[in-house]
Structure formats: structure tokens, C-alpha cells
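Read through the structure below, which is laid out as C-alpha cells, and then see the notes.
We call the chains A, B and C, going by the order they appear; numbering starts again at 1 in every chain.
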Amino acid sequence: MRHLRLAPYLLIAPSLAFLFLLFFVPLIQTIALAFQSDAGPSLGKFDQMLGDLDFITAVKNTFGLAVVVVPLQFALALGMAMMLRKLRSGRDLVMWIWTIPLGISDLAAGLVWLSILTERGYLNTVLFHLGLIARPESWLTYETPAALFFAIVIAELWRATAIVFVILVAGVQLVPAEYEEAASVFGATTWQRFLRVTLPLLRPSIQTALILRTVLAFETFAVVLAIGGTTFPVLISQAFIWENQNQDYGTAAAYAVLIMVITLAATLAYLLALRPRAGEPA
Amino acid sequence: MRSIKQPLFIAGVVVLCAWTIVPIYLVALGGLGGDQGVYTWPKPFWPLAWSAGNLSAFLTIQGIWPAMLRSVEVAAMCMGFSIALGTPAGYALARFAFRGANAYRLAILLTRAFPVGILALPLAVSYVRLGLYDTALGVALIHTALALPFAVLVTSSLFLGIPRELEEAARVFGCSGLSAFRRVVLPLALPGVAATAIFAFVISWNEVFAAAVLTVRHKTLTAFLLSVLSESPLQAQFTGGFLLIVPSMIFIFLVRRYLFAMWGIASR
Amino acid sequence: MAEIRIERVAKSFGAVTVLNDISLSVADGNFVALLGPSGCGKTTLLRIIAGLETQTDGRVLIDERDVSGLPPRARGLAMVFQNYAVFPHMTVRQNVGFGLAMDRVDTERVARQTERAARLMHIESLLDRHPAHLSGGQRQRVAVARALAVEPAVLLMDEPLSNLDALLRLEMRAELKSVLAEAGTTTIYVTHDQTEAMGLADRIAVMHQGRIVQEAAPAEVYRRPRSMFVGGFVGSPPMNFLRLPIRQGVVRLGSLELRVVVPPDTAVRAGDTIALRPDLAHVAWMHPETGEALEPS
């Protein structure tokens, strides 16, 4: 009977060891790489990162994207989640269609929207048929940074809303119908019910979705590269370039550390801002 | 007011569905339309020249097919590792109240607040020393780190949903702990575990950054497509994009019943 | 058929003591009910006997064999769980035959004993169905059949009837009684329902806050409860407790005077409480002078 005490530890040991070796150790190593130099720990790589021509642009772009995409996605996903609840017939089909993007990588999403927005792409075809343009317009060049930004926002909106959607729907299913019914009985309109009952009860799901989505937002780079190429630098694409083209792991690591710090700060901010108030269930 | 709400609602649902599906259709067109299709303009909205022969020759020459196979290899390994490591841990969390259980669960959750793909950077250096650089195994390992927390949390919830009494009954009537697990718990948990496995596959299949950093000559599909973004003909990119999407779509369809349960669980 | 002895078993979960110095003997073939309110430790005790929990102290002996360290499957017992624990992915037949299959009994014998147990519990027609298609009552029968099929030395039952509706509960009680009486299996039955215990058991062990406060035949527990708790817990409607002063063998209830006949070996003190079972009490008219009963009592 004694070995029963050890059983749980034996069961979690492999996963723990694995995560230690392939998560924790590389994490430390990343930080070490960023501070590395021939003469011991220094901020040299960070200097290089800050001195990067594209650094400021990358920072602006990354934050710009995150600040625009995440709220839009939340609004859209919330709307979709509420619509799904109202749906009676065809629920399964709609649910599957709306979650298809879950299986689509940001690279694929980038390629998809590339095919639509490229010079000889579908958007121009539609606009041509509508008589709005006479010949193909190029939207995705450095001459039109706004259009580029917009294109990336669309692609990300298209792809990653499903992730938020699924988390919110799962959360909504946990909200007992009685609360909203009670609200109706006591006179709340649909909008009031949503604002004062549904939304607060969804708080834990919203918190999780926000954290997840924000972390992902700072991680996505393939869609940017696919649509914008090097015209639209973001922090993580810069990290990739430094590693891939310049073979400079140190500076790439500096970018990585910056990204980690930002996402950690964001996570803490979400945890604080959306923590359960006294008396609320966690 | 009610009378216009209903059709508006339906319209909204239809628009959102179309918004999801049409782009996929379009990239399929672009990918399967042959060389001609890519450069014609205005673009036709239905397939004109559709040739399977063209397609297969195209796949091998352009290097997409071997990359695809490699993606399958990596994703399969990731799937195997995640389940092998995650299921016992999930069982431990579900059935045993042990000291450190909460700390472990917290640690698992914390990994998801980090951009794990970035960790490929130092790993590239270590891998060279270990001989794992540019191998499918190397990529599969970091992908497993990505999928493992998910596997642990979901399987844990799965096992919690199976009443402990069933195992106890099995043990009273003659099973050892392991045998009870095999005969009673596993058959009941199998659908959920399978869904988790498939999801781990999809996670690995779609990952870009780590795959791109850790491979040179033996690229996965995502790494390959990334590397040829600016150089290869558009047609290759569209075909590649389509090929990236299709398996995932099929897999998500297979696990659609478990999707919400899984994501709901994994985010609590 | 076996005799069970529980010697000074104690169980604590961390700082909480759930069982305190429990000793109990169950004779071969006897049906003993562990009766008590929720939280008294009766289920914990049963699980310790089964081997599903390990006691902190003391030991359990089945037929003089110390089974204290053995896993459940080595103890030679069968158990009926409160929520039935009928395996949802197996047919009724596979469920009932499960214990036999685990014992590696030959298939012919498995089939024979499965059929027999199914007949005993009247579920022969359900043998090829899956539990999902059965009602609660039917699933309960499957659980009992599974336990009977292995012809155990000891049968443990954890509130098996508590999830059934009232009518079904009464039916099942009668059935269980006849089936178990015929089999003659040593049975330990946990329940919080005292009418169930009174109706089924040869002996009742009343438990309260982790101890056995009285262990005796049902009639004795009823008529001579050892404590106020036992008296109040057993019996429906509950026992009346009256704190009344007794003066010279007489108790005044308003204008009524009750003569108290005190049993010869009991000392009555001033602040004592009188416990009165409503069904055992009757009102008699007595002649005020002669003290004779005026009506037949």
C-alpha cells in the first residue's frame, strides 16, 4: 500500500522532466543569450536591438496590431457566441464552420489573404467587376502602409477569432440559464441582461481568452511575412531575421526577451484587472 | 421590431459563415488552378484548368511534397509524445490529491502565458551540439512542449468525469490498479484522448516559428513555405497554403464534438 | 461465508479523526447494519473493510486472516456501491460476470453463475443491454447481481437503496432480504435509514461521530437504547425526551400524575430525562383511590 503514495509523483515525473528540459531550461538560456557577450554579461545585444533600423517601426507595428486586433476579435467573438446561443436549427453546422479557422496556422491565413489581396487577386477582381477600378491595384506594397496594416488585421481577424470564440462559447455554456431568466423576469432588456448578467459571469473565460490571445498576438509573424514581406516589421519577425539571416542568436534572443517581458506584463495586467471581486466565484 | 430582427440575424449568421469559407475556397482555386490561373486577371471564380497531373508533378518539383511528409512525421511524433507524457499526468491530477498538485497545475498553466515557439532560439544552439538540429525529432520535441500542457489539462478533466466508483468496483472484483485503468477507465476516456491527440497533431502541423528556426534542409511544410515566400511563384504559395489548411480542416471536423469541451477545460 | 472481526480500527484524515477505536465482530452468515447519520464514519469503515481505504490504526480480520494490508481483490469480498458503479461500456452480462472473469473462472462456469445471479435479481431479460438503457432500479439490480455472482465470503453494501424512489426501495428491501437470507452470506450493510436497518439486519451497529455507540439485535436497540442519541435516532416517530423531576416515583405532567416504574437495576437521579416511545406508551385510567386500572390496558 505504501507505493500508492508515490504513484502520483511517478505519473507526473516524465511530463515535469520534459517541461523542465524543453521549456524552463531554454527559457533561462534565452535570457542568457540576450545578455551574452565575449566579455561576460552585458547589454550589448540589447543595444544592437535598440539600434536596429526597424526597431521602432517593429514596436509600433506590433502594438498597433495587438491593440486593434484583440478588441475587434473579442467583440466579434462575443457576438458570434451570443448568436450561436440563439440558433436552433443548423447549430452543429454553423459551429463547425465558425471553428474551422482553429485549424489554420497564421502562415496559411497569410497565404489565403495574399491570394485575395494580391495584385491579380480576388479583391481586385471583385472591384473590377463592380466597376470601381480599371486595372489591378497593388494594395500590399510599401507605398500603402495603411492598406498593408489593414490587410494584416483582416487576416488575423479571420483566423484567430475562432480561438476566442471557442473559449467564450465554452464559458457561456457554464453560465446557468437561470441567471438570465431571473434578469428577464425582473425587467432587464436584452442589452441590459448581456451587460449586467452575462458579461460579468463570463469574466473568467474572458480573462483566459485575453491572456491566450494576447500572447498569441505577439507571437504571430508568418501572416505578417506572408502579406507584408519585410515591409511590415514586427518584433518577432525581427527576431527571426536576426537569427535566420544575420545568424545573430544574441540579438534575436534580446527581441525574444522583450516579447516575453511584454506578454508577462500583459498577463499580469489582465489577471489584476479581471480578478474576481470579493464574494465572486473565481 | 421583432420581424426584422429574425432575417437580420439569419443574414448575419450567413455572412459570417461565408466570410469563413469563401477565402478557403479562393485559395483552393488559386492553388489548384494551374499556372495559368495565377496570372489571369480578372480572376475567374470557378476552376478553369484543373489538372491533377499538373498538380502532382508540381508538388514534387517544388519540394512541397517532401515538406508535407516531414510535417506529418513531426506532428505524429508530437501527438505521440504529448499523449504519452500528458495522459499519466492528467490521471494523477484527477485521481490523487497529493501535495504539490496545485503547484504542478499552476506550472502547467503558466507555460501558456509564454510564447513557447520563441524558445526554439536557444534550442537551435543546443540542438547542434546534440545532433538534433535539422531533424524531425528536434522539431517534434519543442512542439510537444507546446501541446503537452493542453494534453495534461484536458486528460485530467476527462478522468475526473469518470466516476471513481467504477475503478473501485473493478478493484473490488479482482483488478489491480493498472488493470482497472485498462479495462474500465481507458475505454471510457478513449474518445476524449483521441480528440486531444488530434488536436496536438494540429498544433504541431500549424506551428511556424520553431519549425523555421530549427530546420535547414529538412523543412516541414510551414518552414518550407515560409522560406520560399518571396522567391517562389505565387502558385506554389497558394498550393502550399491550401495543403496546409486541408488536413487541419479534416481533423477539426473529426473532433468537432469535443472542441468546446476541450477548450473550455483547457482554459479554466 | 466468513466471519469478520474489526479490531480497534481508527482512521484520520490529517487532523480530522473520522473513526475512533472501532471494534466489531460479525458472525458467520450474519447481516449487520452500520447505522448512523451522515458523517458518522460508517462508509469510511466499510471502505476500510473493503480495502479501498487504509486504516490509521487497528486491523481487519476475515476468517481469522489479517487482511489489513491486502488490496481489495485479495480479500475475497464483493461490494454494492451507492451509485451502483455499473460499467457503462459493458453489457449487463459482462458486468455481472466481471468478478468471475477477473478470477479467471472457466467460461462455462462464468455463464452459469451469471445466469443464476441474473435470475435471482430478475434481470435475465436485460442481459444483453447496456447500462445506459436501463433505469436506476434496473442498474441497481445489476450491481447486486454482480456481487452475488461471485458467491463472496463477505458482501459489503454501501447505502444501495438510497438512490431509489420510495416504492422501489420497499420492493428491493424485501427482495434483498429473501435473496440474502437464502444465500447465507455474511453481509455488512451501511445505511442512514433506520427502518431499513431494523427491517433487514440481524444485528445493528449504531455509529455516531466515529464510534460504535451500540451494537445489538434490532429489538434491543429499539427497546433498550444505550444513549439518548440511539434512542432519538432509532424509531419513527422519534422518541420523546422529557426532562421531568421524579418525586416519590411520580411524575407530574400538568394535572396528570404518571407513576414511574423504574427498572430494578437503575438508579434515578433528580435531573434525569425520561425517554418515552410513543408506540409503547398508552394512557390508562386508574381509580383515584384504589389505583386499579378502570379499563383494560
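What we mean here is this: contacts are C-beta pairs under 8 Å (C-beta built on N, C-alpha and C of every residue); 3 or more make two chains touch, one makes a residue touch a chain.
Everything numeric in this text was worked out from a predicted model, so none of it was measured.
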| item | value |
| --- | --- |
| Chain with minimal offset from the mean of all protein Cα atoms | B |
| Identity of the chain that, by mean CA position, is farthest from chain A | C |
| Whole-Å separation of chain centres (CA-atom averages), chain B against chain C | 54 |
| Approximate Å spacing (C-alpha centroids) for the pair chain A, chain B | 16 |
| Where chain A and chain C are represented by their mean Cα positions, the distance between them in whole Å | 59 |
| In chain C, residues with contacts to at least two other chains | 71 |
| Chain C partner contacts - residues on chain B that touch it in the complex | 163, 165-166, 168-176, 179, 184, 187-188 |
| Touching residues (chain side chain A, partner chain B) in the complex | 7-9, 11-12, 14-16, 18-19, 22-23, 26-27, 29-30, 32-33, 80, 83, 86-87, 92, 94-108, 110-116, 118, 120-122, 124-125, 128-129, 136, 158, 166-167, 169-171, 173-174, 204-205, 208-209, 211-212, 215-216, 218-219, 221-222, 225-226, 229, 236, 239-240, 243-244, 249, 252-253, 256, 259-260, 263-264, 267 |
| Sites on chain C touched by chain B in the complex | 50-52, 71-73, 77-79, 81-89, 98-99, 101-103, 146, 150 |
| Interfacial residue positions of chain B with respect to chain A in the complex | 9, 12-13, 16-17, 19-21, 23-24, 26-27, 30, 38-43, 45, 81, 84-86, 88-89, 91-93, 95-96, 98, 100-101, 104, 107-108, 111-126, 141-142, 144-145, 148-149, 152, 177, 202, 205-209, 212-213, 222, 225-226, 229-230, 234, 237-238, 240-241, 244-245, 248-249, 251-253, 256, 259-261, 263-265, 267-268 |
